[in-house]
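Okay, here's the structure, questions in a sec.
Residue numbering begins at 1 within each chain, and the chains themselves are lettered A, B and C in the order written.
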């Protein structure tokens, strides 16, 4: 700090201690009426917690507001600038979504409310079910899963149920490309499958010959991301689907990159049996610093009967449409308590209503923007593939290897220009990978500026600018000693050793 | 092409972008997709709606329910007014997962504060930075127990919320654990004799909900004594986190893993989600925990900073050997809870919990004297919930109370059973009216 | 590249080293391995008395960005663990060949001939780096 008395670290960015360090005995942040004073608490004292054993802070309301407001100013967000994060689809989070989700009729609705009194909520779930089936061109759907990984696990349970019914319980292997997101193999383990990794082609696509070799009788399914994690469409997917089905196996499509094809392509015609869509990616629900998300899982007729309940159906009555909760005949059961992340469902529905029959323009602009980035940057960065780019442009560090500087240095220095780094070192199959997904909600000038910055960084790397190794230098904190944090973890303020 | 308000290009700019790539139309960008798969799937949707039309589309009907006693999983509690505006700040709402710590200190410090407060409420040393919800948190605790003990049989109290048990049955298909149940005794608590009979050499843990689905506070200390001798872990599941402010903490009673649902801490009901799963344990189990962990650290200038740590447990590094497949968590809900616990503070949360308990005790007394209503386990200790049996069909009772009194009297959990829940926004008068509604049904 | 492959050590393809010492088989990881991992933050070893079969793991070793399984060079029974490694995992980074992780007893002496000697390991490493 420049001056010992300054409350700001830099300009208008304030210092702020932990809330526990703000706490002063006797301060309060809320008030309650006293009308319960005459009523006894009838719990035996042996079961009670002492009031002193509650180590929450004592802070006034304005101090709490100031505390968290200051904290917020240390964060980057979509509302500030572009996130070029490949596979995360960091698009604008519309505020009408927030407004509708926060309206009392939805925010205060308890999931145990009998159907008769929950029609508004049920109607919203039904509408999203229907519109997502239409847009993906798939006959079945569940909106229960709480996140993409949860959707993957749900899908794998569906695979298990399908195989069990057919008596194919020897099919215990799931094929997963080496370019897959880590949640894919992790979900396989939880569902009781073993993972068999498939190598990709030099172009980052599924190697069909390797796939055929690996497609033995014990294969339950193939999990494939499409477009894949290099932003390239897997053109062989109908062929692969056909081979799988002939083998009695199923095709799972990880829909994390669905923003590239939303409304433009039929998932049904690909031959996909199960696909999850991330509502917090393609459908604009906010990331909130790590969550919550939600997933829709769309399915083919092969596995519809196994879907988790509750599913909402519409029935006609003399008073008009009535929405009821059902569970399919051979349902695997619920995958969590409650109907699902309704708050994200209503946001996604509101978003889709804002586009209506123009929803495909999301994909068009997203792919267009990624291609503008690729065209600009392929002068200075090596594209990971020669094939058509969809919604994300992936580069390797091939052109930078001789500089002695690496992708990590580029990423951390980008912060000093006011940008969040792109996805780096993923997929594992691309050396020093840089994955850039601008999304459709970025203007031409933002894209041009970002590319200009990336070119400046490439030039600095060519000039072997060693200062890039100590970036970032303009952020609220500098590089963090993650080694010490992992060796001696301090995870709780109250139990720290001095 | 008409501009769309979420797409920052004019028609002219759009055409210029296409020309710069020598494209005639956007369809050219999709030439890499086989023709058979191509085609706009949006033609049957309605045209785009303006915000005004959207608001009209979602206009609510008349509010029938004025006061609610529905609980079980998901509770009505006072939500301080500052939470909405604070979490709506774009820097919190639209922030990504804090993998770049230098530009995520706001989220990271808030999560460290959340972890610290949740850990102390649970009575354990370490809390993670959230899981999806209480039901999946319970499953994650079971996986932990299996990893820690190397044993695969898990005993579940029958008095766990039915939806949690249904979820468990679905997950058990993964083959990582086998399950069995222990029923309740005449007091509504887990039957200790039956428990001893169910324990085997392969038992990894006992999972107990407290307060349980009948609202009864379980005796965790006594259970711990039985399990400790056999090296079996005690997993406590909390569906009503508010109970942690008044009832002796599960950690203090000896629970090895504490988990559950923290929706009561400033998270709206929102028809079932997104809510807030939590999980905590001792440092001995730290490397076996699922979910993100935020740790305190120093930066290159020696300033205190916070960072995602021990990430080698997680899916993006450990893949099929990860402690869980979780990636996206409930970050924004954990932030709500952090703000809630900060502004409610030591005294506020105690006051709220006391009100819940007082109204429930009063309500139980009133219910005991209603003809046609019987309180189940009426002399066992409760926090803020209990179960009543109704002479009439429970659905009919529910409708009568709503239509005639504007009161949702509880959750219908059986043909003649209502699960009732009391919260700090009730009052003696509202409880009187609830009793009146039930009596007249 | 592993800058300092010493003589008298045997190696696995997963970069563990082994040495016969006083009737036990001492096991650690090579300099190449510690360099690839980066700063080591934690070593998790199975308990003494555990039987480990060839091809199976005796623990995991973690850095900030990776967690790798430790594979036993030959079958045997874990006799002891190096206590220094628990408190100061960085010792493995500083001196990979001087910091043992476990000692095996009742180990399969015959299988030792299937491991690489220092010269073979050096050739193996050269084939991995590949540019």
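Note that in this section a contact is a pair of C-beta atoms (placed from the backbone, for glycine too) under 8 Å apart; a residue touches a chain by one contact, two chains touch by 3 or more.
As the structure is a prediction and not an experimental result, all values here were calculated from the model.
The most distant chain from chain A is C, comparing centres defined as mean Cα coordinates. More C-beta pairs touch across one of A-B and A-C than the other; that pair is A-B. Chain B and chain C have CA centres that are 44 Å apart.
Centroids built from CA atoms put chain B at 19 Å from chain A. Centroids of chain A and chain C (each the mean of its C-alpha atoms) stand 38 Å apart. In chain B, the residues that touch at least two other chains are 312, 317-318, 321.
Within chain A, contacts with two or more other chains are made by residues 482, 486. Of all residues in chain C, those touching 2 or more other chains are 42, 62-64, listed in ascending order. Listing the residues of chain C that touch chain A in their complex gives 39, 41-42, 62-64, 89-90. Within the complex, the chain A residues that touch chain C are 482-483, 486-487. Residue ranges on chain B touching chain C, taken from their complex, read 287, 311-313, 317-318, 321. Interface residues of chain C, counted against chain B in their complex, comprise 42, 44, 62-67.
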